[in-house]
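Consider the two complexes below, in which chain A is the common component and chain B and chain C are the respective partners.
This part shows the complex of A and B:
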């Protein structure tokens, strides 16, 4: 992501998520099912596909998850808004990067993204949105891990 | 909703300095009464994808003064729409919306306050703590013809930072600027501050 100069302040996003994690995960009634954590999705991505995969998963959250989730609690809503707007900012930066030909998308990333969307479609939409919100830490940890690897490579 | 007979607040504007964002408006006055105000916001995400949703400000869901510190509401570098309405008992005014969405990348950045001290022969500075978004670029040099300028990034303020071990009889100068990665900007440099080291310069 460094190639794209995305100033990724995931620490602030993680803090926002940690504050609502319990409230969100308590609403997840399908505990033995996962959307992001299947081994063929994020974990299978190679360093060269990290940029495209990040852009795809950001779009998954921005275009589907945040829209499909209806949050009554203002405190939780503020945190979700903070994350959603941070994702939107990152997504726009990665889109510019792709236009400048520095964020290539290969079939591997497309396949992994399809698995996430297929997992999402297996569940009723509200349940799928809650589960995906509850798995934000999986995505954030994956971004952090890949960010550190590219900086030490 | 109460009948909107109260006038809506006017002249909304945001004054933002060093990533502190203050929303202000002209007060609505009703003789003998205290008028309260509610503030709500939408980030770019909401205005694009869920435009019917406005989020109550975490800072000023109901406030008496004609201003609101929205710093903790504005948490991403995207445009935010802000709106205010007046309330008096069951009566509420219409919403007034900020004319132009506010983006925190327009904040005014100023150099921090800086304290330059000598601890024996050690050049030490302490910078104003401006909050988690801020790092500082410190430039320092020995005041003599052709002196080389040294640069150091200080990750946070409020903690003494050792810069250099000085030589007797020399003068050392320091200047600093703020760096904010979240918006990709920095302030101007501060004025230089210099300290002189007592004692005679060492013979060469």
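This part shows the complex of A and C:
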């Protein structure tokens, strides 16, 4: 049974993020708090949970972060919109996998997702959204790394 | 993953003795930490490799200038993510030749070691999607071509016999653009075509 893989070229997303990374991260004044970077969140995920975790974090960005963030700079806004559209595409790709029952969610992935949402809720919503956007490189690097190692069952 | 903080001296203080003090911050942790070897130093760089050795964390660094009567504000870096921003060194390259082929054996670069006696960690272990861009140059025809490979052995076939070929290789990791240093150029000649030698007799 083939496990799901996010078959999208993340390079385009990474390039978009690289162009706005400094601007977004500079607005994040809470250096002592992270959303995704805690070791119990993404880094603890096993290959069998990669699909579910990808789906959950995509939903986190699409349903919360992109909605909560208010961006005054039109250039930055365009890049964020481009990233958001790519995430919607990735969600659709994973949706098909889920319908074929190949994107199973175990407790570990559910717990890790909860940590991310709890971290987000610790902050005022605008600050949480800016911080999450500033950590997109963590999520993209995790997708790159895990979609290389996701084995074919 | 040798990470060195560098800065420019403040302007307008020629002739005044200035020293610098550096701190660093692990993103998500609680406070700024001192780098003891970079307190009241005269040089304008500070090696933070040991402090930033955990490449999956992200970091900030800051420096301030101190002269007899004055102390500057902190000058702070952006967020630094070694896993995505480190410069990948070149692989080790070994070439062996035949009449019409060259075999290229690649060994992944190693992670910078805090202590030389530490055991080596291959960058392949850190970046499972590490790839190599192999550039080949035929010195006779001036023709150059490149190939992207993931495995560690590449055989160039259908080459011209008795011809000098030069090779250099660059490691790279798919993802955000990052600097990468190519290997030293190495040149080898393919062997003489044995069949033409028989004709001569």
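Methods note: the second predicted complex is superposed on the first by the 144 of 153 C-alpha atoms of A that agree within 3 Å, B and C clash if a C-alpha of one lies under 4 Å from a C-alpha of the other, contacts with A are read in each partner's own complex, and residues count from 1 in each chain.
One rule holds in what follows: a contact is a pair of C-beta atoms (placed from the backbone, for glycine too) under 8 Å apart; a residue touches a chain by one contact, two chains touch by 3 or more.
Keep in mind it's a predicted model, so treat the numbers as computed, not measured.
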Should chain B and chain C be called a clash or a fit once both complexes are overlaid on chain A? fit
In this superposed model, does chain C or chain B come into contact with more residues of chain A? C
Output check: A:134 vs chain B and chain C. Expected answer is one of first, second, both, neither. What do you get? second
Quick check for you: in the superposed arrangement, does A:12 touch first (chain B), second (chain C), both or neither? first
Counting only touches as set out at the top, which of chain B and chain C does A:126 meet: first, second, both, neither? neither
Between chain B (first) and chain C (second), which, if any, makes contact with A:62: first, second, both or neither? first
After the superposition on A, what does A:88 contact: first (chain B), second (chain C), both or neither? first
So, does A:78 touch the first partner chain B, the second partner chain C, both, or neither? first
Put simply, what angle do chain B and chain C open at chain A, by C-alpha centres, to the nearest 10°? 80
Just to be sure I read the superposition right, which of the two partners does A:104 touch: chain B = first, chain C = second, or both, or neither? neither
In the superposition on the shared chain, how near does any CA atom of chain B get to one of chain C? Answer in angstrom. 7
Just which bits of chain A does chain B share with chain C as contact spots? none
Would you tell me which residues of chain A are touching chain C in their complex? 10-11, 14-15, 17-18, 22, 25-26, 31-34, 37-39, 43, 134, 137-138, 140-141, 144-145, 148-149
How about chain A: which of its residues touch chain B in the complex? 7, 9, 12, 16, 62-63, 66-67, 74-75, 77-78, 81-82, 84-89
Can you tell me which positions in chain C touch chain A when the two form their complex? 25, 27-31, 56-58, 60, 78-79, 81, 83-84, 127-129, 174-177
Residues on chain B engaged by chain A in the complex (per definition of touch): 43-46, 48-50, 53, 55-56, 58, 61, 73, 75-78, 80, 132, 181-182, 184
